[in-house]
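In order of appearance the chains are A, B, C, D, E and F, and numbering begins at 1 in each one.
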Amino acid sequence: MNKNVTEFREYREKMNKEILSADNLVIKRLFNLDMKTYQDGELSAKTKEILGLVSSMVLRCDDCIKYHLEKCYNLKVNDAELYEIFSVANVVGGSIVIPHMRRAIEYWNDLKQE
Amino acid sequence: MNKNVTEFREYREKMNKEILSADNLVIKRLFNLDMKTYQDGELSAKTKEILGLVSSMVLRCDDCIKYHLEKCYNLKVNDAELYEIFSVANVVGGSIVIPHMRRAIEYWNDLKQE
Amino acid sequence: MNKNVTEFREYREKMNKEILSADNLVIKRLFNLDMKTYQDGELSAKTKEILGLVSSMVLRCDDCIKYHLEKCYNLKVNDAELYEIFSVANVVGGSIVIPHMRRAIEYWNDLKQE
Amino acid sequence: MNKNVTEFREYREKMNKEILSADNLVIKRLFNLDMKTYQDGELSAKTKEILGLVSSMVLRCDDCIKYHLEKCYNLKVNDAELYEIFSVANVVGGSIVIPHMRRAIEYWNDLKQE
Amino acid sequence: MNKNVTEFREYREKMNKEILSADNLVIKRLFNLDMKTYQDGELSAKTKEILGLVSSMVLRCDDCIKYHLEKCYNLKVNDAELYEIFSVANVVGGSIVIPHMRRAIEYWNDLKQE
Amino acid sequence: MNKNVTEFREYREKMNKEILSADNLVIKRLFNLDMKTYQDGELSAKTKEILGLVSSMVLRCDDCIKYHLEKCYNLKVNDAELYEIFSVANVVGGSIVIPHMRRAIEYWNDLKQE
């Protein structure tokens, strides 16, 4: 098991558990909706995860990128497709997206090494 | 021809022409790359336009949204798919995306009335 | 009735109705959650609307600002309080918030003239 | 003394001291104004710190969040109130706010352990 | 006198006057600091206005862009320099900056027609 | 050689090499354009790097800030000039820029210690 992937997952899971245990209705429903959003529908789960990834990149949220990278990896997005998603993110969002692309590639490699 | 669609296109075209006539090499190449980004490749042009649309929504750029809406419309994105793109944009980007969704729907209606 | 206030409300209502009629489950629940968020709880509805207003200002969403301004107005936020909300928004978000403060004041005046 | 809290405070203090010693008039006045903004006025210091916190969350500035969390903690914001502030931040700013909420909860726990 | 330039100036002046008359100390000092920031110092006023312009472009604040464009125009920034500022803004901030560049060019033309 | 500077450079170089080896045409051209943007032209390379720095600060991209800080350092930007760039970034972008200024000063010190 790759250490970076495991650490990310464990921290995420631990904190989500604490957040949900706080019993704030709005936050609980938001977490629930967040998962529902990426399920198969008119658009496939794969397309939706790609949408989640590109949105996370242009908004420059590293943890969100990691989360969607794992989903994309499991849904068989390949390397060439990944770089095309990155190309859209970089063109739309500019060179400030590049550092996030570097870390995304590093995490993508981590996912492969699992 | 719908007036809003025509006006948007004409203003965009007129200003792009003036910008490109200024002969700034970096800007000319960026404009060129911008078009290349959304061509068929590993991902289809349709998927890429959907990526452009969702990115424009979470970054809240109305003119970018209009541009990609027209491309999506021409590439046969249907209403149910459009709302799923919007659902991702709203979940990722929050309620500040809603006013842009309202204007996007309005423009989508304009595109249909052409 | 002030014309700007009426127009804003009517456009918002008309488009929301169309959006909700599309029957996208995620979007419908988000709209529902959005309202729930600002109800009396541990923090008063007034404090929550103030939070919604300052968030909308630093994120520079004019329509969101208008919406929360009306709520704040109905919940008896006074002028001096309003300017203190603006002062936080300007300090945190910088001078790019100023144009939104100008339009917010204009709309605040419109709300008073109703 | 919790190590994370101490380290954050010390780094912040050390760098602020160096920045202020550079004697740039605009920056010195900004730092001064920044403190003035959150003092008791028409709105209480507590309400203003809550405004500072929610603004920092939707703008996704971890260090700003930590700073306002400590102020909120000292001004007796309780856990249930904190989660309501988070609920507004998440609804307005979307799921990209979630990773910052996770880190905020972690730091909130650190503040309690002091 | 060009109508767009006049209208922008008059609205800005009118609202600033109202804002300052509200006598909020933080906002008054921020407005004062804002002007001080762009005065000749180690960097020339011209360089600082160029910095203000590029910052306003990547943050996509049309009114801020107009304000700095007028200052740049008065400080003799020429067309070729302007396009190089735009090229930095577009490369750093991505294609979402393009619609703001279009409107900036339009306003630049308005400033010349005065 | 300062360790922080060396590590930043090496990571950046290693990941850029991997990204470029993926042979995505759009990304390769963007990387190429990115370098072209900051070359001497109507505005000097020094002025352009200052523009790149201020843009990176208001957009709050730490890695972009480090990159442009090194360029500015090599092009003989002095401390007083640096603080004036920071003053513009802080006034335009607000107090959320301050944590990035702290880290920028720290890296600037690292660059001097090489």
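Convention: contacts are C-beta pairs under 8 Å (C-beta built on N, C-alpha and C of every residue); 3 or more make two chains touch, one makes a residue touch a chain.
The model shown is predicted, which means the values in this text are computed figures rather than measured ones.
Touching chain A and chain B together: C, D, E, F. Among the remaining chains, D is positioned farthest from chain B, on the basis of C-alpha centroids.
The centroid of the Cα atoms in chain C and the matching centroid in chain E are 27 Å apart.
The distance from the centre of chain E to the centre of chain F, with each centre set as the mean of the Cα atoms, comes to 23 Å. Centroids built from CA atoms put chain F at 37 Å from chain C.
Those residues of chain C in touch with two or more other chains are numbered 26, 30, 33-34, 37, 56, 58-59, 64, 80, 83-84, 87, 90-93, 95-96.
A complete topology is adopted by the chain contact network, contact being made between every pair of chains. Residues of chain C touching chain A in their complex: 25-26, 29-30, 33, 36-37. Listed in rising order, the residues of chain B touching chain D in the complex are 58, 90-97.
Note for the complex: chain C touches chain E at residues 60, 79-80, 83-84, 86-87, 90-91, 95-96, 98-99, 101-102, 105-106. The residues of chain D lying in touch with chain F in their complex are 11-12, 15-16, 18-19, 22, 24, 26-27, 30-31, 34, 56, 59, 61-64.
Chain contact summary for the complex, chain F toward chain E: residues 33-34, 37-38, 41-43, 47-48, 50-52, 54-56, 58-59, 64, 78, 80-81, 83-85, 87-89, 91-93.
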